[in-house]
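Look for subunit A in each of the two complexes below; its partner is subunit B in the first and subunit C in the second.
Right, the complex of A and B next:
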């Protein structure tokens, strides 16, 4: 049976789509049949990050409205086997996402995939609610600043009360924290919240810390999921994150200044 | 116009008024209607306690007579009880036919009360059932209200969350949001928390916002209550 994972945050611009793209790519690289769905109807971005924007014919809303079938809409990734993208519609809005429609599409996808990754839009309105409603697990993406943490707290509350699992009294959605854009030296200076600060406020298990890195911006613009840049710090961090999700126990990297200082001295920054 | 009361009627003291009241009455549980048996047993009872049966009002309970097929002779029963110093005031339970017969004899049917047996479990539950226990953390944007009772939160209350109770509030985690105890004005209520980092605390409408909390109290395990002069006090808990 396929597992549905929502990548969500509440706040915008914290790294949901970057995380969705790298997480889905990582799962597919490890041999799992994976599809990543863009729920940000009207503000389609995932196709850009995945570098498949020129191959979009039909989209998620077409499938919901029975205007196309799944085979016509799924885009197969050219770099990684087992990876498919279901893009959002750019010309519609979130009202096109009906609960029945989303349920039907997810039901069909469950037949052929191991993991279904739902890239949530920002906010707590219809698009975000539909992205998280059917989730079995959730990656909550947070930046180390108070407004982002508070919005993540809000999303955690919604996961615990308004998801299908909550409404039907099943086991709760399994929550994972992804702390993105982390800069240990700024946390030490007190400019940013530290890993411990965030964990204390949110109180959910930490899946990974993604360091602030210029590689993320570069690879986004190039349409390459940053996990494929496996010599970059962000790429290493995402690879660790996927391994941890699949059950490996790995120490967290890039969380303290000393290590970075040492690397810096060796390689002269970057 | 027709409905307007006349001045005379509204100014006169009314000749009576109706009010509900509760009485303790003796209940006679009737199991059989055979006149001689009832009479013999009555005589025995009266002999045991002659003073007791001195115009004592009684209610006749017919629950044990539910299987009795024929109509009951309520007139006969009424007289029998009167003779032995009892004043029947009504009946309880019984079939509709029995109730109709009783009404003809001047004995109204009193409302059924599932007395002692049903009440007992209620009593043990009621104390706890008014409190509300929340075993998950209260997240930003969530609001939890415990009407008529206490609110017990096992986790933290996040910034932007609100917990409200008519009674006390206990938080076995950090309080970072708002907590309002005594929401309906009970000044005896208190707030307890493991770490005070609240945005707002309020007891019976007396509140303090984060800014007004002393730095020495922040992050401490405290209880919050009102003094006699309704001053809000934050007191550290000894651990």
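Right, the complex of A and C next:
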């Protein structure tokens, strides 16, 4: 039976799509049949981050409206086997996402996939609510910054009250924290909320810390999920995150300042 | 020159992260308003309400809303049941009566 995972945050620009793309890619690389769905109707971007924007023919809303079937709409990733993308519609409005329609499409996808990753739009409107409604697990992406942490807490409240699992009185959605854009040297200086601070406030288990890294922008420029840059810090962090999700126990990296030598301290760099 | 100076003599830790944490703890606790400790009987209550109302009026799950709010020292349990409009309710009843006639 497929597992539905929502990648959500409340606030925009914290790394949801980056995380969705890398997480889905990582699951597929490890042999699981994985589909990643863009729920941001009207503002699709997952296709760009995955580098398949020129291969979009039909989209999620077309499938919901029975204007196309899944085989016509799913885009098979050219780099990683077992990985498919279902893009959002760029022209419709969010009302096109009906609960019945989303449920039907997820039901069909569950027949053929192990993991269904739902990339949520920002906010708490219909797109975001639909992305999380059917979720079994949630990756809550947070930056170490006040507005992001507050919005994440709000999303946790919505997961606990307005998801299908909550409404049906089933086991709650399993929550995981992804702390992105983390800069340990700034946290050490007391300029940035630390990993422990955020954990203390949100109170959910930490799945991974993604360090602030220029590679993230470079890989989105190129349309390559950053997890494929597997020698970069962000790539390593996402690989660890996927392994942890699949049950491995791994220490968290990039959470403390790397010791710099005297010359590096003198001349900077790194 | 300033940059070089700072690299050797790291500045005293600023307090902004501590301030952020303190502000967040207060606002988050306030906004949670007891959500984390909200009673877990709410889904069951909703389900039973739905069953009772259905004995008399055909409604579906989305038409029952149960909401718990806290204000000051009070807890407010808000029940909102939307009944279908008169017409929709009448149709099955009429069919029944015509069938028995």
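In this text, the second predicted complex is superposed on the first by the 257 of 270 C-alpha atoms of A that agree within 3 Å, B and C clash if a C-alpha of one lies under 4 Å from a C-alpha of the other, contacts with A are read in each partner's own complex, and residues count from 1 in each chain.
By our rule, contacts are C-beta pairs under 8 Å (C-beta built on N, C-alpha and C of every residue); 3 or more make two chains touch, one makes a residue touch a chain.
Source: prediction; values computed, not measured.
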{"item": "Of subunit B and subunit C, the chain that contacts the larger number of subunit A residues", "value": "C"}
{"item": "First (subunit B), second (subunit C), both or neither touched by A:150", "value": "both"}
{"item": "Subunit B versus subunit C as contact partner of A:226, first or second or both or neither", "value": "neither"}
{"item": "First (subunit B), second (subunit C), both or neither touched by A:201", "value": "both"}
{"item": "Touched partner set for A:160, first subunit B, second subunit C, both or neither", "value": "both"}
{"item": "Common interface positions of subunit A, toward subunit B and toward subunit C", "value": "150, 153-154, 157, 160-161, 200-201"}
{"item": "Touching residues on subunit B, where the partner in the complex is subunit A", "value": "136-142, 155-156, 158-161, 174, 176"}
{"item": "Partner subunit C, residues of subunit A touching it in the complex", "value": "145-146, 149-150, 153-154, 157, 160-161, 166-169, 187, 189-194, 197, 200-201, 265-266, 268"}
{"item": "List of subunit A residues in touch with subunit B within their complex", "value": "124, 150-151, 153-154, 156-158, 160-161, 200-201, 203"}
{"item": "Subunit A-facing residues of subunit C, complex", "value": "3-4, 7-8, 10-11, 13-18, 20-21, 23-25, 27-28, 31-32, 35-36, 38, 43-44, 46-47, 61"}
